[in-house]
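Presented below are the structures under discussion, each in the form of structure tokens.
Both complexes shown next keep subunit A, but they swap its partner, so subunit B is in the first and subunit C is in the second.
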Partner chain A sequence: MKEFSHLVGWALLLIALAVVPLFVHSARWIDFLEMTLFVAVLGQGWNILAGYGGQYSFGHALFFGTGAYIQAILQVKLGFSPWVAMWFAVSGSVLVAASVGYLSFRYGLRGSYFALITLAFAEAFLVLSRSLKSITEGGNGIQVALNQDPEQAIATFQFNFAGPFLSEYGFYYTIFIILIVAFAITAWVERSRFGAQLVAVRENEDAAKALGINAFRVKMGAICLSAGITATCGVYYVQKFLFIEPGIAYGPAKSVEALFAPIIGGLGTLLGPLLGSIFIHGVGELTKATIGQALGGRPGVDLILFGTILILVLAFVPRGLVGLLQSGWARLTGGRDA
Partner chain B sequence: MLDVTGLSKSFGGLKAVTDAHLSVSEGQIVSLIGPNGAGKTTLFALISGFLKPDEGRTNFLQTDVTGRQPHEICQLGLVRTFQVVQPFANLDVRENIAVGAHTRIANRKLALARAADVARLVGMEGTLDQPAGDLTIAGRKRLELARALATEPKLLLLDEVMAGLNATEIAELVQVVRRVRDSGVTIFLIEHVMQAVMSLSDYTYVLNQGVMIADGAPKDVTSSPEVIEAYLGHGAAERVAKMGGANA
Partner chain C sequence: MEFLGFSLPSYGWSTVLGSAISGVFLGSIYALVALGLTLIYGVLHIINFAHGALLMLAMYAVYFLWSGYGIDPYLAMLIVVPGGFFFGYGLQRLVIGKASHGKDEIILLVTLGIAIVIENLSLFLFSASERSVLVPYDLDGIDLGVTYAVYPELAALGGSFLITLALWIFMTYTDTGKAIRAVAKERQGARLMGINVDHIFAVTFGIGVACVAAAASLLVPTYAVHPQVGSLFVLIAFTVVVLGGMGSFVGALVGGFLIGVTEQLGRLYLGESLGVITISVIFILVLLFRPTGLFGAKSG
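And then the complex of A and B:
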């Protein structure tokens, strides 16, 4: 019964996400929806490693940026098709994740030490991407050539001039499909032995080892999966904005965005990153439109509010919006768990 | 089944375990006793791979497992429980036990079903859906046992599963341990509750200040002067003998 109602809930949610852009005709609001799903996927990538695995990365920009740079470099410098480049982008990012994971997990770095190591690697890559000018064009960033031929829209993975429907909705449905894949992977993690072992490592690593779990291997699996999902966000970013530069790729902004949504939405839950992302973007737009306007359109008001919300959530709803919904639902249905 | 030869471990200048020899044969319940700080838990950690010995070997089922990783040793069929219980607090009892079951079973549904079976064996079938963090201390001790059992061990190392329990709970758990042995699992346990040691064990080792000072049938061991002195201090054996009671 519980399984069934979960399935129905997810089906309704996905249908809603599938049709909602059809009721929206302003490009600004389509952008808003795209960015909401984009951050939900970014958050889900982080959530697999941190929410389920308890390994709090503070440098997920490392995986986002590596995916984005490989996608851009292979297209611009080597003339790869974007559809081929993306596989290299994802695998390259996974390879970086495996190296960072090997170094940290082999030597048993946990908690804040792991967070610092990931942050350090992201910063190192930021410096590298600025200085390796022959490959990355340094601070100027890499520009992917804009395709204006509608016939080539699919081949170039650029929907800006793709004709009536695609040019409007192409990127929305791209990120929607990525979201479905990322969430399906996470749903599999939740129901698999790998996921059970990952959660066991999060809860108590020594007990997990005593019960026959190879904690090192489980954590390596998690960081690779996490990086793979995060790298698809990098691929998406490059195709949509046709531009990448060091600050966007490896700066701390993406690392923070990746952890913000799942923490607010509910750590280690499937729905958490999506709920969190919807909440953050909704509140962000609302503040910009109300308080921001009242203060004369000054930027940054939403950021101050985000900080406040994050503190409040961590202090009062550690299980996030999902936890809030679950206890609300339990109260409504008279105590049985949701 | 388990043969430990010359195992030693020091932490800095402290010799926690010195030249320990012991063996456990299949189907037995063997106990390890000794005063607080004798090095019992350290010895368990050495056998189960959580600590690497400075010297000596551990043979399990004719395989040298010295210095192997805990998860490898567990997969071979030797599993330990923790004296300080380590539940996965945010998971319910069924999920906790299933983590152990996953060591042998890949399928999630089968592992959860196996968890329910194991819970029945240790008398936890009523608390399957409770979060492990909400269990009483007796419940947590049982959960430690259940999770370890779910890995389908051949040899189970129990580190003070009776500590902190009341007399009724101890009596129940003694029954459970016996049932586990009868189901074909060999048991090696550390225990302070003498009532449990005396009634359960076929053979007993006594460790004091890292050195094995006696071994034999539980009754003989507990009347040995050396053991009485280890527990009650120098000269105690003489006084106990004078009082005419060997029931130390």
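And then the complex of A and C:
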């Protein structure tokens, strides 16, 4: 019964996400919806490793940036089709994750040490992307040529001039499909033997090992899945904005953005990153619309708010919005279906 | 010399020596920033991501004391160091301790949240523009033959030694210092001995922030102040702390010099932009192969 109500809930949520842009005709609000889903996917990538696996990465930009750079470089420098480039982008990022994971987990880096080494790798790639000008164009960044031919819209994976429906909604449904895939993978993780082992490693790695779980392999699996999902965000970013540069790719902003949504929404829950993303984007828009105007559009307001919300959630709602909903639901139904 | 298609330039010994000496001066600044961080790690076993943001905040305090009241940056230490202590004490007692529920990963996230709030609050209040303190002596100095050292650089070098010494004396000979070491070694036992652990945690954090405030005073004559200035130092300070051994003051001092010299030589040989990669590479290597650092005790 519980299983069935969950399925119905998810179906309703997905239908809502599928039709909601059709009622919105302003480009600004479609952008808003796209960015909400984008951050939900970015957060889900981080959530697999940190929420389910207990490995807190502070350098997830590493996987985002690598995906984005491969997508841009293969198209611009080697003339690849974006549809081909994206597979290289995702596998390249997974390869980087496997290397970082191999080194960190083989040498037993846990907790804060793991956070520090991911940060160091992201920083190293930031420096490399700035310095290796022959590959990355350095600080100028790489620009993908804008396609203005509607016939080529699908082939170039660019919807800016793709006719009435696609030019408006193409990128929204792209990120919507990515979201479904990312969430389906996470749902599989949650139910699979692998996911159960991952959670066991999070709760107590030594105990998990004593039970015969190969903690190294489980963590490797988690970091690779996590990086793959995060890399699709990089691919999406390049196709939508047709531009990537070192700061956007490997700067700390993306690493931070990736962890806000799952923590606020609920660490280690399937719904958490989406709920968290909707919440922070909603709050962000609300502040822009209200006090943001009064303060003359000064920068920093939204991040002050997000940082404060992060601390408050960690202090008072450690299970996030999902936890709040669950206990609210339990109270409503008299504790039968928590 | 050629390596992977890069050809390394060759320099005369005086250029290399000059570069290394300027690395020592740079390293003293890194050591100054890292001293507070290593104290906080050694006792609380937490990675304080807000360290850079607190440095930046202290630098703004020094700047505004100079621009508003004409107080010399070095004299400002008498105000910002106690101020930093009380700010740090309150931050640990009222925010970090309360929000983290004693879990390491959560502390990490809480300090990250604090860093984000402080950085963006500064961006909001003071804008992104750079501000510099102009002191009459910032270009005077002494000629060392291969390089030239200005007085603020010499002050930072001297300051790094003095603060290291002061911390060592404090930790070795005072009752509070002994209590801090007791808490670092055996939290539960210290509590049973009647030490107020929460208070000692907050005192330690306060001293860490006081150190960073002293560092800010010594930095301001040579570094411009802007909201991102702290984040330039965060990764470097962590590298220094891990390299020197978490919790070791002498380690932080030596680690600071090592990183400073390596960075300057890296810049000389690999170029301005690629040169800084030496820091991340050292950091990664130390984390992997010697996470207890050069001077750190065996973990356990």
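Everything that follows uses one rule, which is that the second predicted complex is superposed on the first by the 337 of 338 C-alpha atoms of A that agree within 3 Å, B and C clash if a C-alpha of one lies under 4 Å from a C-alpha of the other, contacts with A are read in each partner's own complex, and residues count from 1 in each chain.
Everything below uses one rule, namely that a contact is a pair of C-beta atoms (placed from the backbone, for glycine too) under 8 Å apart; a residue touches a chain by one contact, two chains touch by 3 or more.
Worth saying up front: this structure is predicted, and the values here are computed from it rather than measured.
Visitor: Kindly classify A:Ile213 by the partners it touches after superposition: subunit B alone (first), subunit C alone (second), both, or neither?
Guide: After superposing on A, A:Ile213 lies in contact with subunit B but is clear of subunit C.
Visitor: Which touches a greater number of subunit A residues, subunit B or subunit C?
Guide: So, of the two partners, C touches more residues of subunit A.
Visitor: Does subunit B (first) or subunit C (second) touch A:Ala85, or do both, or does neither?
Guide: Neither subunit B nor subunit C is touched by A:Ala85.
Visitor: Taking the superposition on A as described, I'd like to know which of subunit B and subunit C A:Ala196 touches: first, second, both or neither.
Guide: First partner only.
Visitor: Applying the document's definition of touch, where does A:Leu103 land relative to subunit B and subunit C: first, second, both, or neither?
Guide: second
Visitor: If you stack the two complexes on chain A, which partner ends up touching A:Arg130: first (subunit B), second (subunit C), both, or neither?
Guide: second
Visitor: Go through the superposed model and pick first if A:Ile175 touches only subunit B, second if only subunit C, both, or neither.
Guide: Once the two structures are laid over each other on A, A:Ile175 reaches no partner at all.
Visitor: Just to be sure I read the superposition right, which of the two partners does A:Cys233 touch: subunit B = first, subunit C = second, or both, or neither?
Guide: In the superposition, A:Cys233 touches no partner, neither subunit B nor subunit C.
Visitor: Applying the document's contact rule, which stretches of subunit B touch subunit A when the two form their complex?
Guide: The contact residues of subunit B facing subunit A are 48, 50, 69-71, 74-75, 79-82, 86-91, 95, 98-100, 102-103, 105-108, 111, 147-148, 150-151.
Visitor: Can you tell me which positions in subunit A touch subunit B when the two form their complex?
Guide: 191-193, 196-197, 199-200, 203-204, 206-215
Visitor: What residues of subunit C sit close enough to touch subunit A in their complex?
Guide: Of all residues in subunit C, those touching subunit A are 46-47, 49, 95, 98-101, 104-106, 108-110, 112-117, 119-124, 127-128, 231, 235, 238-239, 242, 271, 273-274, 276-277, 279-281, 283-284, 287-289, 291.
Visitor: Taking the complex as given, what residues does subunit A use to touch subunit C?
Guide: 54, 56, 58, 103-104, 107, 109, 111-113, 115-117, 119-121, 123-124, 127-128, 130-131, 138, 252, 256, 259, 263, 295, 298-301, 303-304, 306-308, 310-312, 314-315, 318
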